[in-house]
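Each of the two complexes below includes chain A, the first together with chain B, the second together with chain C.
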Partner chain A sequence: MAFYTAVLETTLLFSIFVLSVYMLSGLTGLFSLGHGAFITIGAYTVGLGTTRFGLPIWFCVILSVVVGLFAGLVIGLPTLKLRRDYFLLVTFMFGEMVRALLLWTAQLTGGAMGLAGIPYAAELPVIGVSTIVILVFVANLKKTAFGRTCIAIRDDELAAQAMGVNVYWHKVKVFLLSAAIASYGGGLLALNMTFIEPNLFNWLESAKLIVIIFVGGINSVTGSLFTAILYYSFGEVFRFAHVWRDVILGVLVILVIVFRSQGLFGAWELSLTWISSLFRKIRPAKSGG
Partner chain B sequence: MELLRVDSISKSFGGVEAVKEFSMVQADAEITAIIGPNGAGKTTTFNLVSGVQSVDRGYVTFLGADITRMPPHRIQALGVSRTFQNIRLFDGLSVLDNVKISDASRLGYNMFDELLSSPRVRRREKEIQERAVAQLAFLGLDRYAGDKPSSLSYGLRRRLELARALMPEPKLLLLDEPAAGLNASEIRELMDTIQQIQLEKKISVIIVEHHMELVMNLCSTIHVMDFGRKIAAGTPREVRADAKVLEAYLGDMEEVC
Partner chain C sequence: MGSSVFYQQVISGISLGGVYAVMAVGFGIVFNVLRFSNFSHGGVVAISAYVGLFISWNIFPSFWMAFTATALLGGVIGLLVERLVFRPIRVAGKPLTYFFVNSITVAMVAQQSLSALWGHEYFPYPTFFERAAMLVGGVFVVSQTYLLMLGISALTLLGLTVFLRITKLGIAIRAASSDIYTPPLMGVNTDLITGVTFVIAGMLAAVTGFFLGMTYSVTPFLGALMIKGIIAAIIGGMGSLGGGVIAGILLGVGESLLIAEVGSSVTPIIIYLGIVILLLIRPQGIAGKLTTVKA
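And then the complex of A and B:
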């Protein structure tokens, strides 16, 4: 039972990361290969705050969001004016920079040896509630004017500008939101794993988050979440097939891109109306039988 | 009343001068046209006025305010709206949401209001919804509100672009080849629509167009461009008789007459 709880915790934490990247890559079409840096920043803020400075845990979690936001501003303000491909390169370097910085400041961070002894404070209820709150947040955001604007920017930046959208400023807002959620998730990750190291979340892991969103469908939060849960729980549950996880994902990516470029779920979303319509369909059948 | 003043604007790409010292004045609620052979600089002129491309030299003023270096979203917020020659709709959004988007500059609330779904947001969303539906109805697109733009026919997509451009209730509308690819009956409908836009909605319209029947019938003033320069301007009758215009259109004489 404890094993499955741990799997669920990890899966949900990674779902938070996928949701944070969903806003950026799925909705707005910005690709960041350095998103893991925000997760790492959040994790180390909490890790250092609790172990080295003896700060209260709740304060460290808030601090991780603040530090993540600040890093997002520093990276986002100058780079979001650039073309998307340059943005991708800069975020990639940002990720590597954070990693190098953590290795270099070994006296404080423990360097390659990692940072141990972080209190185990993020258990299933905390992680579960956080995931649900963030899920509701992202799913709602997609339906609002804010989300509409994101999709417009993704589809045609020039047309969006001509329709009155301040493209640069909107990108900054999305990037900051995404960074804040990623850092918060990173903070929880540290409080869940109790041991962190600079390679916690490298650019390959960041890239996987984007791949998962494309497999699930960029227009479907449900699809991204479903794929995330499948991918991250698979490796844990089927340990013997662990190495096959990325092979299966790879094959799936090729299949999806060739045969279903809109992603597994297309634009379909799980909603309360859909569930209730499903029940309505079942009920008459039951009463009839 | 003077709405738009374009004061000898120029723009070059590399060594090519796409627009050379082009000037024009547009008044309230009038329909004018910019015509000229392909590559004459008509679309570039639109891009310069709407801020999509930056002006090298010269000035653009709108309602007395200098908009020469303004970013496109602010120019749109002042009341300049446009369509594109090669239809640029948002394929990831529904037909209705495509129309709603162009109200972005006047939203009047931010993301946090939205998340809390405050009464102000709900009122505003309801109002946007109603106006977007009205805009679709005006162009006969209300049946397709929930569809994706990619599922519409070419003519309907052109109309959707027009609906989107009308949504922010602009004072000036720039139409870049609105008749391109439309059949004869669609063009007649378009002409009626443009006339309605001018007469009922009191919106001033500038049209870049190759379809001469439309231009000659709708526009009070026609500006003719060739190789980036304005070579003539005047009423349809004057332009038709202008020797320089005839020369520029040599070979397309029937089109002009």
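And then the complex of A and C:
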């Protein structure tokens, strides 16, 4: 039972990461290959705050979000003005830089040896509630005017700009929100795993977060979440197939993009009206209806 | 740092920079034609490093034969990637996003398959030459591998330049680089052009993979060294191949001098910070060719 709880915890934590990447890529079409860096930053802020400085846990979690936001500003402000590829490449470098920074400051962070002894404070209820809150937030953001504007930017930046949308600020806002969620998730990850190391999230992990979204469908939060849960719970249960599962995921991604590029779920969303419509069908249909 | 040590660092920096330059050009040539960041280049680099390793241990013990065979096979791998992964979505006219997603997927599949198969070991390349180092001008001791890397990188880039300037295919590739939509109207076969571009990129990736394998040992993570090529491409200005070459060499020299001066752990941090600052001041890179989103 404890094992399945642990699997559920990890799966939900990674779902938070996927949701944060979904917000960035699904809404604005920006890709961050350094999103793992925000997760690492959040994790290390919490880890260092609790073990080295003895700060209260709730304060560390808030601090991790603040530090993540600050890092997002530093990276986002100069690069979001440029062509999307620059953003992508700079975030890729940012991820490597954070790793190099952690290895360099080994005296404080423990370097390659990692950081152990973080209190175990993020249990299933905390993670579960966080996931649900973030899920509701992201799913609803998509429907707001802000979210729709972002989707317009994703589909045609030039057209959105011509309609008077401030593309740059929309991108900055979404990026910062996404970075904040990732850092928060990273903080929870540290409090859940109690041991962190610089290689926790390399570029490959960040790439996986993006790729998972495309399997489920860039237009569907449900699809992204479904794929994330499937992939990460599968990985935890079948640890022996750890490396091969990435190969399987990769082949699946290419097949999906070539043959069904809108993703497995397309634009379909699981919603309360859909669920209630299911029950309505079970009832005998009225004549002539 | 004494002046002789300094020059030695510069020379080894230039030769490593030559490899970065080849990487930047391989990355840039695909970017120029298809306008997406081709991360699969790193995957092809890693795969060809293993291919080169296998060939030089088992088939051709001579450096030249092994090198040529690897470069040719790299071209084949590049073509395979294009035909299997990129061509279907190109024909269907999918947005650039999907090209990018497919390219990171290829890099991921390459790295993870290699680590699943041979990930637990580090493989060295055979020693091709008896004399490891030679004296240049009676003063500097230079590793022969480095000189060879420098010479071959220069020749490769020169050959590519000649190809792009003189041959009909090369001119077509340059035409497609400035505008992919018009050449087909002039009777240029875009399918062929894209294929040839990926063959060239694959060959350049194989050259990189072979040299990186000789410099370091072969691991599945060799593809992640592509970040050096990407940095060079950014400094050079994305879309400018010449800028990428200069930037690659500058990066190599800067890196080896920094490593000698302040140590290998701070060097990457300084370089990455430098890139962010460069983008703030001069986003078009040193070559001054800014690629923008057009309607």
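Here is the rule we go by: the second predicted complex is superposed on the first by the 280 of 289 C-alpha atoms of A that agree within 3 Å, B and C clash if a C-alpha of one lies under 4 Å from a C-alpha of the other, contacts with A are read in each partner's own complex, and residues count from 1 in each chain.
Criterion: a contact is a pair of C-beta atoms (placed from the backbone, for glycine too) under 8 Å apart; a residue touches a chain by one contact, two chains touch by 3 or more.
Not measured: the values here are computed from a predicted model.
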Room on chain A for both chain B and chain C (clash or fit): fit
Touched partner set for A:K171, first chain B, second chain C, both or neither: neither
Chain B, chain C and vertex chain A (Cα centres) - angle in steps of 10°: 80
Chain B versus chain C as contact partner of A:V247, first or second or both or neither: second
First, second, both or neither for A:H35, with chain B first and chain C second: neither
Contacts of A:I151 with chain B and chain C, given as first, second, both or neither: first
Superposed model, chain A: greater residue contact from chain B or chain C: C
Partner chain in contact with A:N219 - chain B first, chain C second, else both or neither: first
Partner chain in contact with A:K142 - chain B first, chain C second, else both or neither: neither
Partner chain(s) touched by A:A160 [first = chain B, second = chain C, both, neither]: first
Touching partner for A:W203 - first (chain B), second (chain C), both, neither: second
CA minimum distance (chain B, chain C), superposed complexes, angstrom: 9
Where chain A meets both chain C and chain B, residue numbers: 158
Chain B residues touching chain A - in the complex, by the definition given at the top: 50-52, 71-73, 76-77, 81-82, 84, 88-93, 97, 100-107, 111, 114-115, 125, 128, 164, 168
Contact footprint of chain A on chain C as seen in their complex: 31, 36-37, 39, 84-85, 88-89, 92, 94, 97-98, 100-102, 104-109, 111-113, 115-116, 119, 224, 227, 230-231, 233-234, 238, 265-266, 268-269, 272-273, 275-276, 279-280, 283, 291-293, 295
Chain C-touching residues of chain A, taken from the complex the two chains share: 29, 31, 33, 74-75, 78-79, 81-86, 88-90, 92-94, 96-97, 100-101, 103-104, 157-158, 202-204, 207-208, 210-211, 214, 218, 243-244, 246-247, 249-251, 253-254, 257-258, 261
Touching residues on chain A, where the partner in the complex is chain B: 137, 140-141, 144-146, 148-149, 151-152, 154-156, 158-167, 173, 219
